[in-house]
C-alpha cells in the first residue's frame, strides 16, 4: 500500500486533518465556551484517565458508540485516537465488520469511509489487515447449542431466516474470527447495545462479555463512559439491567 | 423536466455517481476485506436472492430502513437499486412522504436530497410523480372508527393535538393517497418501526400490514432482511413481538 | 468578533445559505410534491401557529429534536429559525451544551458545526455567549438529596461512576448554569428523551419540567409537535407515559 499513490492521497488528507484538529477548540468556544471546558476538564482530564477501564478499552467503547450512532463528526478523531491508544488496525477492521451486523450495514460503511483515509495516511496496508477467510477460533459447541436452542424457541416461529443467519453467519463465523478477541468482541457488542438504547439484549451479551473476561468493574465503567458518548439516557437505561446481571452472577 | 438544464445537472451528478460505485469494493477491502466478502457472499448473493420476499419488496424494506436511520452513505445506492428493482418513481416519492411522518421530517428531507439528483439523472419529471392533491382511496369507516376510538382512549388525555393530527393528517389523508398501495404503505411503516427499535407499535401495524395483504412468510423475511440493514438487535427485538402477532392471528 | 475576518467568513456562508433556502421548495417538489404541500399547509401554516405552545418554545423543542437525532439536513435552517423566533444566542449555546450530556457528545459537536457559521454570519460574539464558569443558580438541596438517593439505590450498585458524574457534573453544575432557565432546560431534556425514544426517563423529567413551570397544555403540545420532527412512533410511545404523569399530578 505504501505506493506513491497512497502517499499522495495521504498528503491530501493529512493537512485537512491536522488543520481540523488544531481548530476544534476555538470552534467549540466560539459557540459554547462551557462545552469546550467540559471537553477538556471533564472528559479529557478526568473521564479518559479514570481507573476501572484502560485507555485502550475506552477507545474500543467510544469507537463502537460513534459507529453505532453513525456520528460522522467524531468518527475521524476517535478512530485516530483508538489507533494512538493501542487498538491495532486489524482489531479496528474487525470492530467495523462486527458492527455491520450489530449496528447495521450502513453504519459500518460510514465507518469505512472515515477509516480509509486514516489507514492510507498511516500507511496501513493489506499486511496489517485481517484476511478475509482466516482459520476460525474453536467453537464451544455446548455453549452454542444452548444459545441456538434458546433463540430457536423465542425467535424461530417468527423468523426462521433470522435464526439460521444468527447461527451460521454470526456465531459460527463472525464471532470466531481470530483478529478480535472474544472479550473485545463482547465489549463492542455491549457498547453497541447500550449506545442504541437496546437494553433487551444486554443481559445475554453482558453475561457473555463477563464469561469472556470482562470484569464487573470494567463493565461498570463502560456504562459511565458511554453516558458521555451515547448520552445520559442510554446509560441510565442500561444501569438497572446491568445491576441485575451483576447480582445474579454474585448470587447464582 | 427533460430540459437542457436538467440534462446539464444530470451530467454533473452522473460521473460522480458511477465513479463512487466502481470504487466501493476496493474501498471496503482496503479497511476490512472480510466485510467486502460478507457484502458479496452473504448479502448480494444470498440475502437478496432468498425466496420469501421479492427483490422489489426487499428494496422497499431497505430504503425504508435507510431513510428511518438517516444513513446518507447508503441512500444513493439503495434508491438507485430500488428503482432498478421495480419500485416506481411515484412509489418512491410516496415512501419518502410517508416516512416524513413515520420516521421524522428531517429523515424525509435527507431522502429528498439523495433522490433529487437521481430523478434528474434518470429524467424522472413531474409526469411520473404523484400529484399533490389526488383523489383519495375510499376510507374503511368502520376500521377507522375503531382505530380512532382506541387512540382517543390511550392518547387523547395526554395529547389532543396528536390524536387530531393522527386522524386528520395520517389516516384520513396520507394513508389514502393512491400512489402507494396500502400493503406497501404498511410494509414501509413496519420496516420503519423495526428499524427504529420502536416495537411497541409493531402489533398494530403488523396486523394492519397482514390485513392489507402482507403474508406471514413475507413478514418473517422482512425481519431477517432488516437484521442486516438495521442491525441484529432491532431484528431480535421485533421477532418475539411478531411471533405473538402471528400466533394470535392463527388462533384468534 | 465583528472583525474583518468574521465579516469575510460571513460573506462566504451567507450566499450559500440564502441560495439553499430559496431552492428548498422546488427541490422537495421535484421529488415529492405532496411533501412540499404538507410542509407548507400542515407544518408552517398550522402546526407552528397552533396555540398551546409559543413559537419560541416550538423552536426550542425542534432544535432539541434535530440535535438529538443528529440531523444535519435541518440543523442550519432550524437554528436560524430558533434565533429568529426569539431564542437568545446564549440560550442556544446552553441548549447545545446541555444536549452534549443528554443526547451525546457527538450530537453537540455536530450542532456546533452547524451553529458556528450562523453565529459568525450574525456577528454573535463572545459578549453574547454564556461564560464558561458563571455563578451558578442556587441548588434546592432537599430536592437534590431526594434525587441522589433514588439514583444511588437504582444505579449505584451498577455504576458508581455514573452516579457520581450525575450528581457532580449534571445536577450540581450543568443544571445550575444561569443562561438557560430551569424550565427551558427541562423542556430541552424532555424533548430529547421523546426524540430518542427513551420513555423510561420521561416520568422523572416531565414531572421536573412541570415543577419548573411547564404547563400541562404545553407538555401536551410538545408531544404533538414532536410527532412531526421526531416521527409519529416516538410521539405515540411518549403519550401514555405523559398521560400517567398528568393523572398522578391531578390526583396525587
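Worth pointing out:
Per-chain residue numbering starts at 1, and chain names A, B and C are given in the order in which the chains are listed.
Here, a residue touches a chain if its C-beta (ideal position, glycine included) is under 8 Å from a C-beta of that chain, and two chains touch if they have at least 3 such contacts.
This one's a predicted model, so the numbers in the text were calculated from it and none came from an experiment.
Under half of the residue numbers at the chain A-chain C interface are used by both copies of the sequence. Superposition on CA atoms relates chain B and chain C by a rotation of 120 degrees, given as a multiple of 5.
Annotation: 28 Å between the Cα-based centres of chain A and chain C. Residue positions of chain B with contacts to 2 or more other chains are 70, 197.
Chain B makes touch with chain C in their complex at residues 1, 68, 70, 93-94, 96-97, 100-110, 112-113, 115-116, 119-120, 126, 129-133, 154-155, 157-162, 165-166, 169-170, 177, 192-193, 196-198, 200-201. Interface residues of chain B facing chain A in the complex, by the touch rule stated above, are 27-28, 30-39, 42-43, 50, 52, 65-66, 69-74, 197, 220-221, 223-225, 227-240, 242-243, 246-247.
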